[in-house]
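What follows is a structure written as structure tokens; I'll ask about it next.
Letters A, B and C mark the chains as written, and numbering starts fresh at 1 in each.
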């Protein structure tokens, strides 16, 4: 945990994202217990776990949407958030540029009309996610992966030090996924903190740290430690298929159950 | 068919025309947010709920705007506190509206003399609009414009992605409360002209029609205002010609326009897909 | 003592009063029973929209001299069709589409009612006029109510099955779509007959208020339906009394009494289950 002067809070030594003994749940019943981890600047953390294991719950707790049943949580604002389900409206009369521009509302005062610099920032963000040409397309007319990238662009415009992304690769095509991975490396180089929930075990190896959740914290540490066979089985139970376990790192994929 | 020019020579028609234009501006502007935030039912309920207040105001000489605004704002406050703006499947809102209507008619049978009073309160009047109503209409239009300029981006972001906007740090809940309050007050301005039952004809239907055609929020606003004013003026003329209240005329007209546009756009998009 | 007896019996000394009593009791009993399913199947908003939307049918009947029940039936069919069509409009949200259809229909009703030399006493159509119910109308209401109650008895098992487990019901030989449709038809019939006495704006009270009043207190569906019917009739009688003695609108008084019953039932704490 490197507390440098770049932490947004200014309080030297306080990590931008931190949880201690965090227990959260709904209606008094805990669904996620005893989570303790921290993430500093220029750190990327992959959050793994089965469906219902508490990944989204953790993000909601970090955002303050859920009051902890025990323990504490700290998240340095401003934070950019890219949600999992497409709860955005597809028939909404907005273009990709309009959506990216919404990120500018978070900086400065929200009652100011977006100015030229905001517009340029929005266009630049769309370029960075590879959608510069689609800036004027209607948001709902874009593909699932493109929409996810537009929401990512909105997060970029926010220019936040911390980004929380809930399954940014779900339903995204290969080309878009690679673009997103490259973007993560750029953001990390810029000194930002990224928390990303994902089902992609192989992809998680590229992250600085991995946090495995299965209704409780199974592991938090470097990929080598937390993506070993024992940790993966403790995390995923039967929802995992191990491809290769001899010699090199365990290669495994998750089996996902989609209700739809 | 009477000549529109001749109609304008009558002072009450000029007043009604001005009122309808002002209400159309307010209705088109606020209507965009009502439609995007899905507040159609709330708008209808806010109008309906004022009925007993209007009866009391009529009988006791209190300004109807004051009575209406008090009731409508109280309703808006309750809705905001409860957090639910949609119709209530659990029956509470439905019964509330029925009780309001029943209370109104019971009070009217006791306090007012003719049934015409109730008709006027529920469906509006062509003849009885005065300067006070024009002022209220103007205030509603100005407030709608100011709010659209100031809060439009926040309302758009909240309607598009409420959770994401909250995470962005936007004051979603407060902006929402302001919208409810604004709609409640604007609805009250429309009561004399279109009546407690048909405020949706001005604040919901034209904007919903515009939504079918607009490609972005700015077009939605502009088209909504144009439709609301156009339908209001045309409905007014219809009301004058048929000797009916403006409310039903504007309501039937605007609903027909929506139906026509919805059918046309559906056919067009089906043709494009096929 | 005589004064009290007079006060209690006076309203029913005339044919008008008796028929009003019968009408309110019949509609209340049906509404009170059916209301249990209206709540269970979350049909309150649908019922409200259908009731408001049938206005043009009522007005047309009043203007052309047809029986009002026929007008209500026609109006409800038209409203149901338009509401179903509008719900299919994808770009307009379902709530907005419903609001638009209801607005248009109320507007059309208003146009028809006003655009005549002799207005069709719009207030009576909106708020009901139980004191104007004729003998043949009453007979028609009774027939519909009896048929509806019979249907409710027959449909009791399927309605329960689908309400409890719509996914598993087909395995029991019950088709949810058919059951829902049957319930909607019953709903429409109740609204149509109730619109005469209570008006299309207030008939919702008969459908919803009694069920709300007993919801917390009744333990079984059968109890809920019977209690709902009783509460409805009691409230209806109370409303008629108030209307007679205080000289206020009858339909409105009955509706207010029903709503009051709902409020009382809701606020009364539930009695602990007997052991």
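Note that in this section a contact is a pair of C-beta atoms (placed from the backbone, for glycine too) under 8 Å apart; a residue touches a chain by one contact, two chains touch by 3 or more.
No experiment lies behind these values; they were computed from the predicted model shown.
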item	value
Required steps from subunit A to subunit C (each step between touching chains, minimum)	2
Selected pair, greater C-beta contact count between B-C and A-B	B-C
Chain at the geometric heart of the assembly (C-alpha centres)	B
Chain at maximum distance from subunit A, centres defined as averaged CA atoms	C
Distance between chain centroids, defined by C-alpha means - subunit A, subunit C (Å)	52
Mean-CA-position distance for subunit B and subunit A (Å)	42
Cα-centroid distance, subunit B relative to subunit C, in whole angstrom	27
Where subunit B touches two or more other chains at once, by residue number	211
Multi-partner residues of subunit C (at least 2 other chains)	91
In the complex, subunit B residues that touch subunit C	35, 38, 40-41, 43-44, 86-91, 94-95, 97-99, 101-106, 108-110, 115, 118-119, 122-123, 197-198, 200-201, 204-205, 208, 211-212, 242-245, 247-256, 258-259, 262, 265-266
Touch list for subunit A against partner subunit B, complex	63, 77-83, 87-89, 92-95, 98-99, 102-103, 105-106, 110-111, 113-114, 138, 151, 154, 158
Residue ranges of subunit C in contact with subunit B within the complex	39, 42, 44-45, 47-48, 86, 89, 91-93, 95-111, 114-115, 119, 121-123, 126-127, 201-202, 204-205, 208-209, 211-212, 246-249, 251-253, 255-256, 259, 262
Touch list for subunit B against partner subunit A, complex	36, 149-151, 153-154, 156-157, 159-165, 167-171, 211, 214-217, 219-220
